[in-house]
Amino acid sequence: MSQSEALQNRFEKIRSNKVFELFVVGIIIFSAVMIGARTYDVPDSVSRVVFFLDWFITIFFLCEITIRFLGEKNKKDFFKQAWNIFDTVIVIVSLVPVEDSELAIVGRLIRIFRVLRMVSIIPELRMLLNSLIKALPRLGYVALLMFIIFYIYAAIGATFFSEINPSLWGDIALSLLTLFRVMTFEDWTDVMYETMEVYGYSWFYYLTFIFFTAFAFLNMIIGIVVNVLEEEHQEQSRLDGEPTMAEVYQELQELKALLKQQNPQTESIPKE
Amino acid sequence: MSQSEALQNRFEKIRSNKVFELFVVGIIIFSAVMIGARTYDVPDSVSRVVFFLDWFITIFFLCEITIRFLGEKNKKDFFKQAWNIFDTVIVIVSLVPVEDSELAIVGRLIRIFRVLRMVSIIPELRMLLNSLIKALPRLGYVALLMFIIFYIYAAIGATFFSEINPSLWGDIALSLLTLFRVMTFEDWTDVMYETMEVYGYSWFYYLTFIFFTAFAFLNMIIGIVVNVLEEEHQEQSRLDGEPTMAEVYQELQELKALLKQQNPQTESIPKE
Amino acid sequence: MSQSEALQNRFEKIRSNKVFELFVVGIIIFSAVMIGARTYDVPDSVSRVVFFLDWFITIFFLCEITIRFLGEKNKKDFFKQAWNIFDTVIVIVSLVPVEDSELAIVGRLIRIFRVLRMVSIIPELRMLLNSLIKALPRLGYVALLMFIIFYIYAAIGATFFSEINPSLWGDIALSLLTLFRVMTFEDWTDVMYETMEVYGYSWFYYLTFIFFTAFAFLNMIIGIVVNVLEEEHQEQSRLDGEPTMAEVYQELQELKALLKQQNPQTESIPKE
Amino acid sequence: MSQSEALQNRFEKIRSNKVFELFVVGIIIFSAVMIGARTYDVPDSVSRVVFFLDWFITIFFLCEITIRFLGEKNKKDFFKQAWNIFDTVIVIVSLVPVEDSELAIVGRLIRIFRVLRMVSIIPELRMLLNSLIKALPRLGYVALLMFIIFYIYAAIGATFFSEINPSLWGDIALSLLTLFRVMTFEDWTDVMYETMEVYGYSWFYYLTFIFFTAFAFLNMIIGIVVNVLEEEHQEQSRLDGEPTMAEVYQELQELKALLKQQNPQTESIPKE
């Protein structure tokens, strides 16, 4: 099996080769540019070239994934990383030949998602995304509270305003969308003036909603900032190897004990 | 009375039972889904099922509140918690049978507010809301200052622009609403261009208003951030049991005194 | 002159009386409510009552200012406080009887500005406003930089787009207003689409402008937050009487010197 | 060469003269005002005066740059500063006489950019701009991630919505512009309602896009704030000459060693 091992070593080398990585990044950018180019009206000849280039990219990505897979010592570890699974799925699905209109759209979407491979290739982007995902749970309860506010207001809106403008307040799903629109301040006064003609005091509904969401949003941001600063603070003091106040205090206590030990008589009755 | 005590213990156990809590949360979510479902046009048969399910929820909540109440050792303590009062009112009011159109709306509103029981059940949400309410007084004076700015601008607007567009500037209440709209940047230039046709320099009115409110708003946010950070800082140092700088200093002073005591001659005239 | 002194003491007492202050605040709120009431269409009888109440308020404020002035020990100090000057001007100008249409507006404006007396009466608001004004100079250079960005873009806009839409880009003043509108994102795409019909690449103009202003704005906010936090930090450590790290270090050095002094032989050659 | 040296000294003196600097700032402001004046319709006579004043400013700036250049000891150092190159290019290009329509616009643009010389003259603005430019690389990866999000959404938009509204989603460039518009919340619901008529679930596309960009944006801001605070913190502790916790700890260790040295017997077996 020494030949197979030699092969794997070679694959591992290719895989961690900087030039190979840059080349892959280049191909991804090229595939992204081609996706962009396809959205323009292009003559048939160009379209055919694009078609062949697309197959070249697909096959290149297949080779690249194969190299990565073969370069992995323990084959099981390969699928333990979410990004590897993502890459494999994208490559395999884009291999399926799609011609008829329905699936053609899926094929095009898969080709678009190939741009996301940029994130899986560049480690800095991968780290950034991981840290973003880590930040999500923090938002959990505030998001739940915000959803409750949204839901209650949407239920009230769908109950009272559904006959005024069914396209905005027809059911609870539409009301939720309309409230999201109000939260982004997008023509919210048009929505309000319309209901104010029937319910003169409905401005109260909109203003309280805006205050509640703005307030919850503000608290969410402040919460995140405080959390981030705290984590940074703790991490930094750990990284610096900087002794904590408690350690200094401990040290002082020991010094005091040492001093008292040396002159035990001074301990009980201080004399001049 | 041992039988009654045994009963209370049982209620207390049910009350603090995790499964019971989850079941209540489930029923609240179910009631929220039903409120949403009602906003769609549903056939009569479904409507009747919803009606009976609604009564089931109402009675379930009545039982739950009763269990909570009986599970409380000191009955008076039960009504000392604002959330318990809120829950009881919601449950009792939803018991009143409402059929005629006027009160039916109140009944529906009460059913919508049942979603808020989610906050009263989940401790994390209750804590979050309490901390939000605690943050309110901080905003007090800035809110007052902002209201004074709004009021003065609204009075000026209602005085000068009321004849240009009575629906926007007709009286001080409408002017306040219009200014709130301007603050959210919602089609504010339409409002401005209209008055600029009569008063060419009215852009000054809008720009100063935007600057004042933006500035006051910015200061409010910064004030909150600073407050929150300070509180966090103090709380953290207390929680960690980390000695303060003052304590370390105090310790050092004591050490010095100890040293001087041991060799009193070194105190007055330092000799080599 | 003991009679005059006794009078002054009495005025001083009235002035610092809490009930008197609350009464003045009450009258200011009452005058604010009346300003609001005047913006509604009111019957003639009410209008006449309002007229007399207005004179009552004017005279009350005159008395109040007189009491404040007489209650001041050193008369010159009275006019050293900006708020006192503001109050006096507001009161004196509102004394001038205005009937003809031109000046009537000035009279109404003065009455509106009486609401600002709230700030001059309530110390917390006065402090808040002072701290806001103190924060202004910090913004100085960023504001200048922002104005330069605005001016250059306005000059470019007025040069290229003035013939496309003279009401938006006619001259540099209009262009500045239009750019402010773009900065608030208020229908900015309408402005852009209009010029893009003539200059296809004018989206570059708008996007760079939005990026520059957003970036400058972001830096302004961050600068303020950092400044405020620093100031808070310094002030807090001073207020707490918390010793600084430098003081602790100093103390340690002294301790060391003391120790070495006691056993001078250990200083040069450490022996066991 | 003493005469040449004397001349250079004189130029150096002029260059660092505060009055000279203020005069240059004055001329720049004057040129900015003239650029503004030109955007108004002015009578021919004024136009001719402006033309001559413009030549005066151009020649003044030429002299000023020459003085600066001659005042520099090492001529090569002059072009090492980016701002000097900027100034020289602006001055030289505005010397070229432009009359025909095409180049006249370039000439006017150059005159507008003369306002930027304000930044090159006032050191505080130069520093501010440098610090802004320094802050840019921090945004690098988040900006890249944001661009990937934009590009993927634009590709999807151009694929599915191009037939619904070609002026908004016709190709990937237009889609990118439309998405930027959606991010600024500018009439985004109009864009959404249009596509929702064909694809009922396209609200999902807009809402996820808004969430992703808002989330990435939020993280970018928090990242900057944390970075800035850290830098400030480090810089401050360095500037204050404040000893670090580690130094205090080190000092304590030395004290302990000193104490143990003095009474070596206490080291191993602590006795009372």
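We call the chains A, B, C and D, going by the order they appear; numbering starts again at 1 in every chain.
The criterion applied here is as follows: a contact is a pair of C-beta atoms (placed from the backbone, for glycine too) under 8 Å apart; a residue touches a chain by one contact, two chains touch by 3 or more.
From a predicted model like this one, the values you see are computed outputs, not experimental measurements.
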{"item": "Other chains in touch with both subunit A and subunit B", "value": "none"}
{"item": "Type of subunit A:subunit D copy interface by residue overlap (half), same or different", "value": "different"}
{"item": "Furthest chain, CA centroid comparison against subunit A", "value": "C"}
{"item": "Interchain centroid distance [CA atoms averaged], subunit B/subunit D, Å", "value": "40"}
{"item": "Gap in Å, rounded to a whole number, between the CA centres of subunit C and subunit B", "value": "28"}
{"item": "Interface hub residues of subunit B, defined as touching at least two other chains", "value": "185-187, 225, 229, 244-245, 248, 252, 255, 259, 262"}
{"item": "Interchain pairs in contact, sorted by label", "value": "A-B, A-D, B-C, C-D"}
{"item": "Subunit A-touching residues of subunit D, taken from the complex the two chains share", "value": "141-142, 144-145, 148, 151-152, 155-156, 158-160, 162, 170-172, 175, 185-189, 203, 207, 210, 215-216, 218-219, 222, 225-226, 229-230, 244-246, 248-249, 252-253, 255-256, 259-260, 262-263, 266, 270-272"}
{"item": "In the complex with subunit A, residue positions of subunit B that touch it", "value": "32, 35-36, 39-40, 105, 108-109, 112-113, 115-116, 118-119, 124-125, 128-129, 131-132, 135, 177, 180-181, 184-187, 221, 224-225, 228-229, 232, 236, 240-245, 247-248, 251-252, 254-255, 258-259, 261-262, 264"}
